[in-house]
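In the part that follows, the structures are each spelled out as structure tokens.
First chain A sits with chain B, and in the next complex the same chain sits with chain C.
Here is the complex of A and B:
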């Protein structure tokens, strides 16, 4: 091989031609990214950008005339005299209330269940399967089930109250406040299995030697949980908390099926209201603006949670 | 779930009728004489009514060799979301079924084509064969845009035995009779009647009439408003359900709970349906689609809604209409005439009679008079099918019906005085109408 040709080979291995059919082609990494990028652009970036376009125009598919209106629909959400402002903030508060009540239950109960079925008990796998099983139901099945359970007239809960405890019927589905009970209980029952499974996986990652050492030092079960299990589960707890908060903010099907958002909008979720505005009131632009505002609020919240998570991971790294 | 599910026996019977009809009509009566065309047909009959509709389409295709109807069934909600994009992209079906609460919206958005008097004539569609308000449901500004194919109505079911036990022998027909019957039926857990000393209206053993909080419950308020000569909207299609006539009608219903204690406050449709089925309530106003549950039990019967108002007989009705979505320029004229021939055939008495096997009411008198209905429970309301009114005629269905249903719920649950609640509803509705008015024709 001549000196010239060997120099050429070296050059080519550093930076190949755009037409080269080997790994020296500088396009190779991008080609690997391409399949994902295509889907990402078509199904995420384009719809989001188009949604924003819709939110700053008075969108009208049929007339072909959709004038630019700037931030009109965003301003409307902050104008207290508009119905949109009244309903958006009200339903956002409803959704926040649901999140604040349901997330501790979803995290705490999942942890409790995971601790129970992690122990080598009889029928361990059967219990794990039973707790996980509701999660495979569709939201309509789950919703109708809990609507029946809490029915005002002949729901199981009211029948038990009346027949066995002689207490007055509670009109769960039509009383503000009480209407949240079937939604929250149903949601916990429905989604608890997933969080429990995450906790089970994390529990499996804690070395037994910590517990053995603690036992030698005379630590009881509570102390072991308090000083070993709980701290070592904290990255998982944060992850579960973040994903559960985000999922709870997206409340839609449960309240739609169980209470229809009532009584008097008191359990209507913000997403249900946005859907009503878009398809019931034929106001796609206004609905798109609300969706973006809601998305931005979620983004701020998620950013905050991720910072918290990163800080926690750093500090747990330091401890380790 | 407007048209309730029928039993398999009914379906089998329906197919039998279709078979006989097919033999009887072996010679096509179609007005379409052009070359062979294919038309698309979109409908939302996805329940037990689906096989009946599919069988009807098959019969039409068999009898009309030069028209091929390709039918698609999909949930109504999906269709409402898709009609406008389909029209805008020039890919709308040739014929689409649209319900009463959506049809004016699509007309005023310019998504549907007018069916002109000459088109109706050419296709042999005589609008006089249908119940008048039912056909007019798909009218807008004096023009017609659809032909009714299916219909449901608000009726009053009642428990004959329970009424009789309380000394009432005939179904109430007026406001006063309704009140008398409802009072007679109401007893608290201690056996005391409404109005007696110590009567506990919160703990009822049996009660007079079912009222409930959802949109179906709200249709009773709508019917009462119409009976009183009121309406949901005024001549400019602004919300007007706080007129004195409307307030009086709704107040009467709310008083049944708050003053008379003959109806339960705070109740849901399911709860009242369960209580009525358990023999605890004398009268249960709701959609005729619940007929399946009660028609075989001799204790139960149904009647047209009593005259709660003072002006006219009226009740709410839901309906489905065959419409022609707007097509792009250069649309095949043969397709249009084939579509109209199909609409005519589908709404002829023979086909409508078959369709009633799904639980739909007749859409025309000729079918209501059929001997099939002799002695049937449902035929008790047939003489008043001309007094069934849809919530249509104003383009902004969501903007009016959403606040109206919410106002009913607030008033019924006792969250607000009737007048204040209706005023608030009208205010909400009109603010939202003002925002969208320019988007509708």
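Here is the complex of A and C:
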């Protein structure tokens, strides 16, 4: 492999030019880093700083006159008399509710599904493909599908309830409380395949010898799961739980497409509210302040994810 | 007197020799039920899309269209203000350009971070990695204002460039490159290869699985991106498919047949692509534990 490819490589004269890609040039690594670094600084680092700048000014897109206002917009979020405060905390609570309900579902059902399809069975690959498939659809397709499934009058769910079980129609999309059902069911349907696939990969990494030893000791299927599978999956479970919490807190498209955030903001996510403040009410500064506060609250979880990845990095760095 | 040991037969753990399909029958039935539930929304979308409007909401329920028709599709495609083809083109073009740019930047950065020795390597890597702690909403509003200042609203630039420096791909490739045996690289260097040649001729050919997975993720991420294009590409000609079809859903709010036909046109190419690329997608997730 290397012989074949290095045969195509020609020897170059080792001149000291700063653009030459040879080992004597100390700038080579930086030349490699440069293209990504430019985009990284312009589109990731700068916007964070600029966002903070916007949040402490009274940004006005039209006049271009944007006076410094200090922490006014941050204070506003904590002032109970302002509508911004009311809506921010309300939608944050909505998002937290969604997270608390959906994360155990998304982790638990994914594990159950993975255990169901892990052992060989007729049509195993087809089942795996089917369970993963919804995840590739865009959020708008997924949302339109589930809005139709839970339609107040003619949705499949209501029709089945009415026709086969004689139940009265539930106005899922416009009833406070019930409106969460299509959002949560749709989200589980949409994202469970990712988590299932992660669990399947982890299950494949568990040595069969543990199970053989346990069988010799007379352990039944439940004992094997309880004392072998589950403990050995715990790093995966932790990873899945953290990433799923992060994804759930970023709820946006599902509730926007399925319920529009209604009725009366009862399913509006905090991100939807922030975008409404920024683009609907044209209050970019207020929205930027909310985004920063939300980002700071999220730091608890994003920091945790960061630590998990850093750990992964250290353990793999040894051989590199 | 012959001591016989024949009496002590070796202890054999006998497995019950019931046919496995019998053991697996309940699991199989359960999986079938779950699979049907998972497919139901997609089936219902297709079924509705072939029904005249009156049948779409008819009771009793029509599992199969009683009067199958293609009218919904022809009407959606020929609708003067519907821009399905344009949106599809925008999505494909944006996703391809994004994937190409993202992969190039990630490769170029991951290689020195994995293999070259230079001052500030660790520091830069940690700076890049720590940007993972910034949720998208924090940069959304300032980035939008930047697009206004660049005059990039309603252009492909706005759809492509702001996301190309995503760092998850750098992390993924760096981890993969670290695992490639150093000897291969050293052999090429002995033959006089410079760093770029080592990267192109030694590292990249050995990294095809990681590159393909990253490409599939990048393409899907761009294809399904919703928040950003919703605000930076608002004119009907510049909308991407996911944004465009939600505008459909507001127009055909009670015309379920047409709405489902439009949704099916957006969904079916992706489903077909998925069946083709499924292998890479699944192995990619297993490789990285990556989610968006």
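Observations
Rule of thumb we're sticking to: the second predicted complex is superposed on the first by the 264 of 320 C-alpha atoms of A that agree within 3 Å, B and C clash if a C-alpha of one lies under 4 Å from a C-alpha of the other, contacts with A are read in each partner's own complex, and residues count from 1 in each chain.
Quick note on the criterion: a residue touches a chain if its C-beta (ideal position, glycine included) is under 8 Å from a C-beta of that chain, and two chains touch if they have at least 3 such contacts.
Worth saying up front: this structure is predicted, and the values here are computed from it rather than measured.
Touched residues of chain A, counted separately for chain B and chain C, are more numerous for C. After overlaying the two complexes on the shared chain, residue contacts for A:116 are found with chain C alone; chain B is out of touch. In the overlay built on the shared chain, the residue A:154 is in contact with chain B and with chain C.
Residue contacts after overlaying the shared chain place A:208 against neither chain B nor chain C.
After overlaying the two complexes on the shared chain, residue contacts for A:35 are found with chain C alone; chain B is out of touch.
Of the two partner chains, chain C is the only one touched by A:298; chain B is not. Looking at the shared chain after the overlay, A:63 reaches chain B, while chain C stays out of its contact range.
In the superposition on chain A, chain A positions 61, 147, 151, 153-154, 279 are in contact with chain B in one complex as well as with chain C in the other. Listed in rising order, the residues of chain A touching chain C in the complex are 1-3, 5-12, 20-23, 26, 28-30, 32-33, 35-37, 39-40, 42-48, 50-51, 53-54, 59, 61, 113, 116-117, 121-123, 126-134, 136-141, 143-149, 151, 153-154, 156, 159-160, 162-163, 189, 194, 197-198, 200-201, 204, 216, 236, 239, 243-244, 246-247, 249-250, 252-253, 257, 271, 274-275, 278-279, 284, 287-288, 291-292, 294-295, 298-299, 302-303, 305-306, 309-310, 312-313, 316-317, 319-320. Remark: chain A residues 58, 60-64, 81-83, 147, 151-154, 168, 171, 173-175, 260, 262-265, 276, 279-283, 286 touch chain B in the complex. Here chain B touches chain A in the complex through residues 77, 80-81, 84-85, 87-88, 105, 109-111, 203, 213-214, 266-268, 270-272, 274-275, 278, 396, 398-399, 402, 406, 409-410, 413, 415, 428, 431-432, 435-436, 439, going by the rule given at the top.
Across the complex, chain A is touched by residues 13, 21, 24, 27-28, 30-31, 34-35, 38-42, 44-45, 48, 56-57, 59-61, 104-106, 108-109, 111-114, 116-118, 121, 124, 128-146, 148, 161-165, 167, 170-171, 175, 178-179, 183-184, 187-197, 201-202, 205-206, 220, 223-224, 226-227, 231, 241-243, 245-246, 249, 256, 259-260, 263, 266-267, 270-271, 273-275, 278, 281-282, 285-286, 289, 291-292 of chain C.
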